[in-house]
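The same chain A turns up in both complexes below, where it pairs with chain B and then with chain C.
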Partner chain A sequence: MTVTIKYFGLVAEAANKFEEVMELNGELTARELKEHCLNGLSITDKDSVQIAVNQNLDDQITLKDGDEVALLPPFAGG
Partner chain B sequence: MDKKKPKKVFVQGAIPPEKIAQSVANHQSKTDIGAHSIFLGQIRADEVDGKKVTAIDYTAYEEMAETVFHEIREAAFAKFDITCAHIYHSLGKVNVGELCLFVFTSSAHRKIAIAATNFFVEEIKAKVPVFGKEIFEDETHQWKVNK
Partner chain C sequence: MSRYDRQIKLTEVGQKGQEEFRNAKVLIVGVGGLGCPAAMYLVGAGVGKIGLMDHDRVDVSNLHRQVLFKESDVGRPKALVAKERLEKQNSEVQFEVYEKPLTVENAENTVKQYDIVLDGTDNFETKYLINDACLLADKPWVFASIYKNEGQLSVFNYKDGPTYRCVFPKSTRQNISCETTGVLGVLPGILGTLQAAEVIKIILGAGELLSGKLKLINMMLSSEQTIKLNKRPEEIEKIRKGGIAPVDIDCDLKDKEQWYLDVREAFEQPKPKGKKVLSIPLGDLTSRYREIPDNQEVFVFCQSGKRSKNAIEILKNEFGFHNLKNVEGGIETIIDG
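Here is the complex of A and B:
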């Protein structure tokens, strides 16, 4: 199955990309995917990065084919 | 009804001060309103390690942000007896001294409007996926985090 991963802010900067489509083998939770994507990136506080699956902040969810996943650094609106 | 319509929140670049005056003017025909409450966020020239911030470059997870803005509106209308509410947030580069957030609520009475505006601002800062790159005078940058 494939998921689309969107990168934002400092995560996009560290990964040097805004979006990618990733092929996943087997069951994976959002949290596991986040750890996989952030592995090796120079981000000081990886715990501050949240993951949204189809726009919902939930890192416990098991990913499905076609999901849109977003890696969101701390919010800075306003 | 005003409160049910999904509204476009993001504007490209700074929010012009004239927009605030125009918004107030647009509500003068709504004579059940007795109070407006306005919050304006302005880019501050913070100094970090001797370098001054000259601008913030805003990006967002726009689809999710528009959904969250809508949920905040729904929550505000459920919680407060407001007549209407308008939110505008910048995307892209906003220079110091310019406006990046405009929250405008109206009610029959002041306390409700003031509380509703405060609710909007706190919710927006906490829940909306907007990201800000603070650009310094030497073109270096750091990423802003809401406190």
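Here is the complex of A and C:
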């Protein structure tokens, strides 16, 4: 199955992209996909990155074909 | 012709809405890139009372985005300068100036005196503080934050809706401000103006609010997205029962064997851990200089490198220190990780 991943803030910067389409094999929760995506990126505080699936904040959900997953770090600037 | 004629003509406003503006009290915490444009539109709309809170002074590097300030204001307190500018814009508005930071001690009492809080801050600890104080005082707050060309916006704690802790239960020490990452002036201009729009809708009880929603804007890509939020009741209960939960953002410094002198104020974050980190605010140096080692090299730092430079001048000229080295780029350049 295929999911679209949207990156924001310093996650986008570390991944060097705002969006990617990923082919997944087997069942995966949103949280597992996040760990997979952030693995190897230079982000010291991965716990603070939140996950939205199809524009709903949720990390427990099991992903299905066509889902859009957003990885949202908190921003502090003003 | 009335000053407010053009907005009173709208069915959402009318004479009744204008009366609601006049009775409204809004606290703006942080009068910077977000707070300046927000304040201008709320003052324009005729909000009855506006609190302006900022402990900082105008710096020349603020002028490209903090649109209330002029070159001649550099060095003056932001909250006071903002008030002077805004009362010329609308003399019917009552202003309260707070030239100090929001703290655990003053947060709840200050927030209680207002109907709505607008978050113009640039750091996580104050955002959590606003969140907790608003939760305890039962006030809605309008949040915005920026990272480079992106912004986040939401209305929290509105009529029992989700709070900031429901979205970001865990604070992070990746506390990256516009000073370190860079920002175009127009982005906080857009976000601050959208915050003012949310405040106006709350006052009028009109339209659709961003309560329970997080709006994400990428100015460079001209894209936006809205994420639906859920409440995390356990996060809300924790604050209701235990009161404000101050967020201390710890960090490690790169060189554990090096002596460091932190001349920032106690409220400034992140806070470096370690046996060889000494914390003496600039104003206390003359009474506490004896605590500073004088027999080995000490790196002196603050947020940006400016105050630490001053500190070294004082310690060198008045107390004969010759072992101090300035951390030019401020704390962000010496954090490990």
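Throughout what follows, the second predicted complex is superposed on the first by the 74 of 78 C-alpha atoms of A that agree within 3 Å, B and C clash if a C-alpha of one lies under 4 Å from a C-alpha of the other, contacts with A are read in each partner's own complex, and residues count from 1 in each chain.
Everything below uses one rule, namely that a contact is a pair of C-beta atoms (placed from the backbone, for glycine too) under 8 Å apart; a residue touches a chain by one contact, two chains touch by 3 or more.
Everything quoted here is computed from the prediction, not taken from an experiment.
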Contacts of A:47 with chain B and chain C, given as first, second, both or neither: second
Partner chain in contact with A:9 - chain B first, chain C second, else both or neither: both
Chain A residues touched - chain C or chain B, whichever exceeds: C
Doubly contacted residues of chain A, that is, touched by chain B and again by chain C: 6, 8-10, 13, 48, 52, 55, 70, 72-78
Chain A to chain B touching residues, read off their complex: 6, 8-10, 13, 48, 52, 55, 70, 72-78
Touching residues (chain side chain A, partner chain C) in the complex: 6, 8-10, 12-13, 18, 43-45, 47-48, 50, 52, 55-58, 70, 72-78
In the complex with chain A, residue positions of chain B that touch it: 41, 56, 58-61, 63-64, 67, 89, 100-101, 121, 124-133, 143-146
Chain A partner contacts - residues on chain C that touch it in the complex: 30, 32-35, 119-124, 127, 144-148, 150-152, 167-168, 170-178, 181, 183, 188, 214, 216, 218, 221, 225-230, 337
